[in-house]
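If you scroll down you'll find the structure; I have some questions about it.
All chains are identified by letter, namely A, B, C and D, in their written order; residue positions are counted from 1 within each chain.
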Amino acid sequence: MVDVQNRPDNRNIPVDQVGVSDLRYPITVLDRHRGRQDTVANITMTVNLPHHFKGTHMSRFIEVLNSHRGEVTMWTVLHILHDLQERLDAERAHVEVVFPYFLEKLAPVSRAPGLMEYECAFVGESGAGGDDFVLSVKVPVTSLCPCSKALSRYGAHNQRGHITIEARSCTVAEKPEELIWIEELVEVAEASASAPVYALLKRDDEKELTERAYDHPVFVEDIVRNVAQKMMADPRVAWFRVTAVNQESIHNHSAFAKIEWRR
Amino acid sequence: MVDVQNRPDNRNIPVDQVGVSDLRYPITVLDRHRGRQDTVANITMTVNLPHHFKGTHMSRFIEVLNSHRGEVTMWTVLHILHDLQERLDAERAHVEVVFPYFLEKLAPVSRAPGLMEYECAFVGESGAGGDDFVLSVKVPVTSLCPCSKALSRYGAHNQRGHITIEARSCTVAEKPEELIWIEELVEVAEASASAPVYALLKRDDEKELTERAYDHPVFVEDIVRNVAQKMMADPRVAWFRVTAVNQESIHNHSAFAKIEWRR
Amino acid sequence: MVDVQNRPDNRNIPVDQVGVSDLRYPITVLDRHRGRQDTVANITMTVNLPHHFKGTHMSRFIEVLNSHRGEVTMWTVLHILHDLQERLDAERAHVEVVFPYFLEKLAPVSRAPGLMEYECAFVGESGAGGDDFVLSVKVPVTSLCPCSKALSRYGAHNQRGHITIEARSCTVAEKPEELIWIEELVEVAEASASAPVYALLKRDDEKELTERAYDHPVFVEDIVRNVAQKMMADPRVAWFRVTAVNQESIHNHSAFAKIEWRR
Amino acid sequence: MVDVQNRPDNRNIPVDQVGVSDLRYPITVLDRHRGRQDTVANITMTVNLPHHFKGTHMSRFIEVLNSHRGEVTMWTVLHILHDLQERLDAERAHVEVVFPYFLEKLAPVSRAPGLMEYECAFVGESGAGGDDFVLSVKVPVTSLCPCSKALSRYGAHNQRGHITIEARSCTVAEKPEELIWIEELVEVAEASASAPVYALLKRDDEKELTERAYDHPVFVEDIVRNVAQKMMADPRVAWFRVTAVNQESIHNHSAFAKIEWRR
């Protein structure tokens, strides 16, 4: 059969990225405490296309992914990238895997267990400059406004916020114990807000969290600075970006802050 | 040219609704204070299709809409429905128009003006039983948890919530002054929560709203009951449905409540 | 500690539904071929609240869900409903569980395997009238326009469409072999469109599907009627609703059709 | 009253961006043919925060926006940036304004008029390096697969795709006639695909577009290269990025391609 994609192209324009996006796929990721966790990912995979080829071969992206049978860790992301480079004869490959990840958390007083979801992402790239890997974790938190607390005779407006931390390691981890874990970034984020959020809270817990939030007011600016302090102090971190978005309870828009840093 | 849609169909199955959806269209709606307001709508328009026809004529939906030049009030919705019935030779027609609507609100203390957006909808239906029209308004508010306030030595968790009120009038309004206005449903919703939300607040306003919310704690159950009380007391209202969704600041899920009522 | 929710309410207005929504939770569902499948759900759980109670107890919803440890089948949905009625002292309970479900499909010619995702839902309700259970499956398909084919000298516009089938059984299944399976509704939907869609296709497959779609043109009206014919002929089906939405490739809006039927 | 935001901060960490996001606002933009067009925007506005300040003043963002009364052009975006820098005592300011824009298009044969929506964005930044402005336009199109056409005896799969062009001018336009217009980028995108899409098509138009698409098959790779050729040939363009996403009608995932270029 004809292979239209392999035909030459004379426009003389290389394509930076070509591939598949919005691909849903069941995956298994590493779980620090339970070993493995099954989840469902949204995947983008691309390669570069030299100027002299008309098209890439889209089915090979899926074949490469299938060959890894849904196992997705930092290491398999790098393998997928290298397989894409080889199968598609490309200099560069890029992979993004976005997925919900669940952690069992105990309520602060009652110790009642509940499952919390964190939206995570693995973003990998392979090219002339070597391999690159970024872990991203989005953490819901409570934030309580310092200004509202200082001004008001009682109460203070608070709300759900989302902290997203993206991090790149100084060196490629060779063993699981050298990884920066999702669980660690969740801890960093939760310790940087007014209080963590939980799936299951009894009355004692609600009292404790209400008072804790009131005792720890933060602006979005404080949240990203608190995260930045902790990330800068971690010698494993080469680069990070943190954003905080508060769903302000007194407005219908959000408050937003961002810090990007490299060692 | 052939008219495939007009061919007979022998499966003997009528189609309840057929038409266009996800159509984006600029519209002009009535504004209680400024006369008219330009906005952008997402529109669905359908008719029923008798069992003996193979297909409807999709382009006529757009032609009917175009003939009304984007003017969308309760009355034009009814005209659009009747035009659809006639142009498409249908017994029933259904139209949904969803759009953002803006109101200028003054901050409670500083009186600083700010524009608030409310997602609104007109849903019209015309058939053997006559004409039907439902107005829907979604209002962001602050809700402060009575349980958290009662339990805690200080503070109380609060959050942004959304109240959606859908309402049907007892009689078809013949003049603007007989209408149930978007502005009226916004007032009902805001008065049923812990406090309204605003686009622009100065420090005095933030103090006032923080304290007001603390003084008026409500559960989602309270919100829908407070709305229900006001709607039941309005003799113009034949039917309503109210839902409240709180973006809980101590959880990553929402609290939800609903009441439906007819006179 | 005080129990604010248990306080009496004197507004004399019962609340139809109160509970939690947008709750993300890892679940395990039945898989016709592989026994079980792990996935991630979005869950809503509500009960009614009699007029004399001020509030429900939100944490008990999560406790009931936790007690079933994420096992979600038609039977566990009914158990969850009964547990909610009992734990929350309610006459009625309602549960919605929406989740992605994956099937391995073989490409039509090359037999290359690929994983396809279908968005599914279990909707259960329990009350004075007994138990109710509805299965919902959303299936992406190819649709090719009969009008475009008939008019044009060559080619025909085609596009991705989505068929959603919701179905209720005549009798409550007591064993897995009596269930209406997700896999069966996927087959009904795919056989009602111009062609199925796949995750992985080689050149031979692409030729086959292109020609198959051209040989089987359907309007949205045809799709819902084709589904309706098959569902009406299935003696297990007591009620169904089918909707088809085509992402028209010649427009920026969708074509829409719907049929609802009860035996 | 206390001004918490003005308090000193001793963490010694500057914040790159702080401000408001998800702000909905009615705006008026320039329309090449009709002079002005009313629409509704989603707005983000941020400034940098030096390390020694605790917080920014969120209400001033809204005040600056209000002072421009919703008039949003390339020039007012620059004014808003400068006002933000001044009002918030900041070195850098960033503004993003995303909005639907409507164009009346005539169907290719019948000349029937219809309104098409394009999602547009103005992204402005002001800092030590001067002012920056990027126009972004997202254009829905038809794409027909060259591989499917070449392989198949008849037909070819086609689908809706979206082309996003972001462009930066070589010099700041001083008059409207020097601007790169939304209308021009729409034309570039539509001429780079298999066929444009329309809101209203009669039978003659559907025939014409079906055949035109079949005569002009393109991969996503072709789309971005076709756009790139036209943009590179325009001496006003200093930089552009083009992405194409096809909602493949034979898959449930998308095909994706991207080119970024600077003169």
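Note that contacts are C-beta pairs under 8 Å (C-beta built on N, C-alpha and C of every residue); 3 or more make two chains touch, one makes a residue touch a chain.
Given the structure is predicted, the values throughout are model-derived calculations rather than measurements.
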| item | value |
| --- | --- |
| Chains in simultaneous contact with chain B and chain C | A, D |
| Chain whose average C-alpha position is farthest from chain B's own | A |
| Copy pair chain A, chain B: interface residue numbering same or different (half cut) | same |
| Size of the rotation, in steps of 5 degrees, that lays the CA trace of chain A over chain C | 180 |
| Which of B-D and C-D has more C-beta pairs touching across its chains | C-D |
| Separation of chain B from chain D, taking each centre as the mean of its C-alpha atoms, in whole Å | 29 |
| Length of the line joining the C-alpha centres of chain C and chain D, rounded to whole Å | 35 |
| Two or more partner chains touched - positions in chain B | 1, 23-24, 117, 147, 151, 199, 201, 203, 207, 252-253 |
| Chain B partner contacts - residues on chain D that touch it in the complex | 1, 3, 23-26, 37-40, 59, 62-63, 66, 100, 102, 112-115, 117, 199-204, 207 |
| Interface residues, chain C side, partner chain D - complex | 116-117, 140, 142, 144-145, 147-148, 151-160, 195, 197-199, 201, 203, 206-207, 209-211, 213-214, 247-253 |
| Interfacial residue positions of chain D with respect to chain A in the complex | 1-2, 4-5, 9, 11, 13-24, 44, 46, 49, 54-56, 58, 146-147, 150-151, 219-222, 224-226, 228-229, 232, 245, 252-260 |
